[in-house]
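A short worksheet on the structure shown next.
Order as written gives the chain letters A, B, C and D; numbering starts at 1 within each chain.
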Amino acid sequence: MGCRLAGLLTGLVWSVAGVAAGVPGTLVVAQALDDIVSLDPAEGFELSSESAFTSLYQRLVQSDPDRPGSLRATLASDWQAGNDGHSLLFTVRDGATFAGGHPVRPEDVVFSLNRAVRLNRSPAFILNELGWNAENVAGFINRVDDRHVRVRWPAQVGPAFVLNVLSATVASIVDQLEVEHHQASGDAGNGWLHSHSEGSGPFRIRRYIPHEALVMDANPAAPLGAPLLKTVILRNVADAASRRLLVEVGDADIARDLGPDQIAALRGKPELYVFECPSATVHYLLFNASNVANPVLKNPGLWEAARWLIDYDGIAGQLLKGQYLVHQAFLAHGFAGALDTTPFHLDVAKAKAVLAKAGIAPGVTIKLDVFNQPPFNEIAQSLQSTFAQAGIRLQILPGVASEVYGKTRTRTEEAVWLYWVPDYNDAHSTAGAFALNREDGTQSIAWRAGWHIPALSALTVAAVEEQDPAARIRDYEVIQTAVQRDSPFVIALQERAELVMRRNVRGYRQGLTAEMVYYDRVTR
Amino acid sequence: MVAGHAPRLLLRIGGALFTLVVTLSALLLATFALSALSPVDPALRLVGDHASTASYEQARRDLGLGRPWIVQFERYVSHAVRGDLGISSSTGQPVREDLKTVFPATLELATLAMGVSAVVGVAFGLLGARRPGGLADAVIRILSLAGNSIPIFWLGLLSLYLFYAHLHWTGGPGRLDDAYEFTIDRGTGLVLIDAWRSGEPGAFANAIAHLILPVLVLAANGLGNIARMTRTALLNESAREYVTLARAKGAGEARVLLGHILPNAAGTILTVLSLSYARLLEGAVLTETVFAWPGLGRYLTTALFAADIPAILGSTLLIGVCFVILNRCTDLLVRAVDPRTL
Amino acid sequence: MSRARLIASTDLLLGAGLLGLALCAAVAAPWLAPFDPLIQDMGQRLSPPTSTHLLGTDGLGRDILSRLIYGTRPTLGLVALVMILTVPIGLTIGILAGYCGGWIERVFMGITDVVMAFPTLVLALAFVGVMGPGLVNSAVALALTGWPAYARLARTETLQMRRSDYLAAAEMQGIVGVRLLWGQVMPACVPSMRIRLALDLAAIILAAAGLSFLGLGIGPPTAEWGAMVADGSKVIFDQWWVAASPGAAILVLSLAFNLLADGLRDAGNRSP
Amino acid sequence: MTQRTLLSVRNLSIRLSRPAGERVIVDRLSFAVGAERVALVGESGSGKSLTARGLLGLLRSPLSVSAERLEFEGRDLRAATPSQWAALRGSGIALILQDPRHALNPVLRIGRQIDEVLRIHQRLSSGERRDRTAEMMLAVGLRDPLRIARAFPHELSGGMGQRVMLAMMLVNGPRLLVADEPTSSLDAALRDQVLDLMVSLVEQRRMGLLLISHDLQQVAQYCERVLVMYRGRLVDERRAVDLAASDHPYTKTLWSCRPSGRTYGTQLPVLVREADERAETLS
């Protein structure tokens, strides 16, 4: 059940109270924007840019905000799968126009998808899953007539999977005429789109000042209806305590990413309410079995003992209360086929027994890499304390994000606490990471943990080729159970997004993944 | 007379320019080497951890990381000389444009904070030196010590909580309320001047309301040092013979302190003021974080965490230039104030 | 007893007393601290000061008072380390520059200018990055950017002394080279160093707190005052005591250093 | 010879308070100065310089001054308030210090330092003040007043510095001039020139002069009466002409130490001090 209904209910129950400070028709969101690298949908893949793309651009098909897990026809009014199982024919929505006024044409679809693959920037790998690359992509996407586009793909995957891939933001449709008009030295408009938008989304960029703010104005001619707001301002407020003050005083209507204790303090305020919604982000502990320096890492006994040494309830229930659910399978709750069983809990005695049986003597030391931002340093210290009770000494090494990722790519880490966000709205995005090691250098999470799983990898590859959706779900349940019971990862928590909102803000909807942020129905 | 004078003048200017160039290139070389040491992988920060190895390799090529760092440095300097500071990898904008928006923000905050801490700091120093060991001296000492012993981010958050959230006396984080922030034209980048020139009725008052807290917090942090150094300088001077003669001339304590002692201590005080101004110009990253102030401090810090080499080098170059100019101005001021140094 | 003299001696006593308190807290931490600073108690998270937890508990339910007492070790360690690294480098470069003059002075002062113009954070991040977070590394990073101030001070003092007669007299007696600089020049620089050091020690602790606030500080779970303030500031509005006690501790310690310096200076020379 | 008494002092003492305890530096001095030239002579450390500054109330803690009578022109100075002292200094009593390089404010021009005295004590237009300053500078023998007025102290020689200080101190027409070793920083030739100038100015304006010095011979030549100080106490008072015949052992020894052709190269006589030392410890 999506968050839209939940948000609506809480909004209606409260009477219209609280001072509607700020500018009428303008929504102000206080969040951190420092992670934005680019606002070009073919390049930007950071959390903040993703949260803006659904407002600025549209894809042929998109996840339905009111019925998550199923797709909604957006720029494509409808589509038919080819009988060879390797092609799709899309009909471009009639009368759809871009914010700048140009009509949406099949040429724009061909241009946008080609451009995304050829630029080969951060999110391009999603389209590479279909077997497209800079050389061959032109041949696979062609205009049939002035209303239709045929899309074909060499990879052994079914149309259902392809539709999910094309719902990702990298497949956003941009206005070819405008973009080519602003092209600079053959960059296919990438420089211009860094801070401008030429899409058909409900909003368009009025102004983007890096590290300061992103101002989006309404696009009255948006296909599927104009937004109710005039302007949305995403303000860069890096410090959580400052964000909290802004929403408390009313200078901000929504405050993202506040700490659990800060939200607990705001829960009682009449003029505010807490909007909660599960997110697809799962947190897991990874042991690098390929690290020969510390042989204990490849011992399955350690993997199993670790499952009993995490204080799941302590962390989710108290340390980070409200912002995490206990979840022990790689598909997040809310995804089709997600495994919701949680067989493990903190049991030091059992862990000691498992360690003894596996011949691991107490006093072993493992280096734990972790991000130097909250909540990771708190989680790390909780692990350190519970693992110590079973004689395993965790040495915490906080580091900058890309430094920690750097170690996992060169497999020099021992243990690391990470989080995984699915790249597109299909189970394979996560299964391909945890349960697939092609042993050909692709840096899946299984590869980073040095986990050799030929049989499980085969099953994961088969699952993505499976045409029948029901069969796919059964496959993923089998894979998740295997990973849950015996693997060098301990999947422990699933995040739950908590936003603090002013009483008068209603109609906000948010989905599982980062791009599912919908401002079009918001009023204040 | 002029002819004889000119060569010496040219020599001095040439010397100054030479030291400027040498200092800046040494600064750039040091920053470049140290940034290369940073553990952060710029390409990885750019494309993210999920990207394909192909995208990652392409990003490395785009950033020119493949080439030996001497070549990278030489390429950077040759461009910098022509004013092209390169493209910031984390914002995709030319570094020069970024600096044009972030530096005025820090300049405005630093200058106002410097004004307050200089006036209050020197005044505290004078009061403290008037009767060393007196009540005023003790109170000022504790106050100024507290000023520079309280962590500034703590002071910032507390002041926001009290004056903004509870008492609503001042503006909150950010430089302007959203009503004005994106409507007025940001010509000079100095929010006070832009707000004034914008003609919007409440804009100027709003800009002041937002400036008060960060300026006072920064000033409180800086004035402790200024007050203590001023007091020490004044006390050293007050033991000199000319003070006795001044009193022998019938000058009262105020005239002795302001007319005789202060001018002699002015040289030292100016040096202290310029040091603390330089520190402020470098961008008070902690204050800018707490007050969501888009200044040079935050820009450099985010660039550091992203190993965004062009942005780091551009910022360090700008800070280096400010520092050298500030030192030269201080030298000239001290010479003007203290004829002995001519 | 004249008032100025009275003030100077109380400064000395008060400063030394507070510092002594901190030192014995560091030494006797295991006996003084009511709890183990690392033991977490999720049920007691962020509890206000109670009879059992005199200063309340932090975000992980650890006793703040015990962490404060244990925290004296890394904090004083950090300060001592920075002091040991900063002053010698600054003194050596300053005295050599002042005494030798000529191109040596220009080169040394050039280096000092560059390091001074160098944003502290660039060095700190590079250093912490290469060597990893930790007490020693942050201390070295802070020291590497702190010495120029001392170098400039030492140079000015040496310049003033270079033309003095007693230096010439020392050279006449055959004291030359390093023994001259070490025995004669260095002691004269010590007084002004001492005042500068006292002012800087507070700044060092706050710089460490700043690094922690940005996520670069001493690795968890060690209890260090700067890190504690940084963690506490996240919940500053509702559980203010979590940040207040380490903040107050930093204030008191820096007060101690400055009182000590003032006391030494006033007792040192007779000027009022 | 003395028409009226300018300064009369009885039992003036100066104490130094140390953490270790109090020490008496000047012990119960009594003397008077009229419109005459009086010398206060003693070895360095005898407290003569402190006495001079004590007379002008210039001593600050840890030094403290006490006296049974301290009157200038009949006015009791013991309970004078700071503003009363300020009104007196520079207009009633003037002070000349030893070394102009330290005594003149190094960062202010000479003209401004002289002009300041007039601004403190009199209501004059800037024009009048400029004339009075120039006139005074000429009176003290400074040939080019305009140039010197614009100069800074470190640009003047020792002799010129003393002349500036004289101009500064006399421009307001004080009645008593206290000179604390005015010439010891000058070389011999200049020394007599400045003293001649000082004496002629004092006589011209019928002022009193209290000349503090350690040079007995110089004092004898320029002053009428001599007070001899030893270890903080006035041990001898006599007319300058009778100095040679003085019977006080200390004055006799001091007098015979005068450097001259005769005493060149010979061992100077040594004062037998034990007697005094013993007396000192007993009291």
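The criterion applied here is as follows: a contact is a pair of C-beta atoms (placed from the backbone, for glycine too) under 8 Å apart; a residue touches a chain by one contact, two chains touch by 3 or more.
Here the structure is a predicted model, which is why all the values come from computation and not from measurement.
Chemist: Could you name the chain whose CA centroid falls nearest to the centroid of all protein CA atoms?
Modeler: Of all chains shown, the one whose C-alpha centre lies nearest the global C-alpha mean is B.
Chemist: Based on CA centres, what chain would you say lies at the far end from subunit B?
Modeler: Measuring from the centre of subunit B, the most distant chain centre belongs to D.
Chemist: Could you see whether B-D or B-C has the larger number of C-beta contact pairs?
Modeler: B-C
Chemist: In whole angstrom, how far does the Cα centroid of subunit C sit from the Cα centroid of subunit D?
Modeler: 50
Chemist: Quick one: subunit A and subunit D, Cα centre-to-centre, how many Å?
Modeler: So the centroids are 90 Å from each other.
Chemist: Would you mind pulling out the distance in Å between where the CA atoms of subunit B average out and where those of subunit C do?
Modeler: Their C-alpha centroids are separated by 23 Å.
Chemist: Among all residues of subunit A, which ones touch two or more of the remaining chains?
Modeler: 241, 245, 399-400, 403
Chemist: Residue numbers in subunit B touching 2 or more other chains?
Modeler: Where subunit B meets two or more other chains at a single residue, that happens at 39-40, 157, 161, 165, 289, 305.
Chemist: Under the stated contact criterion, what part of subunit B meets subunit C in this complex?
Modeler: Where subunit B meets subunit C, its residues are 19, 22-23, 26-27, 30-31, 34-35, 37-40, 132-134, 138, 141-142, 145-146, 148-154, 157-158, 161, 165, 225, 228, 232, 235-236, 238-239, 275, 278, 282, 285-286, 289, 300-301, 304-305, 312, 315-316, 319-320, 323-324, 327.
Chemist: What part of subunit A is in contact with subunit C in the complex they form?
Modeler: Subunit A residues touching subunit C: 240-241, 244-245, 259, 261-262, 264-265, 311, 314, 317-319, 372-374, 377-378, 380-382, 384-385, 396-400, 403.
Chemist: Sort out for me which residues of subunit C touch subunit B in the complex.
Modeler: Result: residues 3-4, 6-8, 110-111, 113-114, 116-119, 121-123, 125-126, 129-130, 149, 195, 199, 202-203, 206, 209-210, 213-214, 226, 229-230, 233, 236-237, 243, 247, 250-251, 254-255, 258, 262, 265, 271-272 of subunit C touch subunit B.
Chemist: Touching subunit D in the complex: which residues of subunit B?
Modeler: Those in contact with subunit D are residues 240-242, 244-253, 255, 259-260, 263-264, 266, 337-340.
Chemist: Which residues of subunit A touch subunit B in the complex?
Modeler: For this pair, the touching residues of subunit A are 22-23, 26, 28, 34, 36-38, 45-46, 120-125, 128, 191, 194-195, 206-207, 209-213, 215, 233, 235-239, 241-242, 245-246, 248-249, 251, 399-403, 405-406, 408-409, 423, 441-443.
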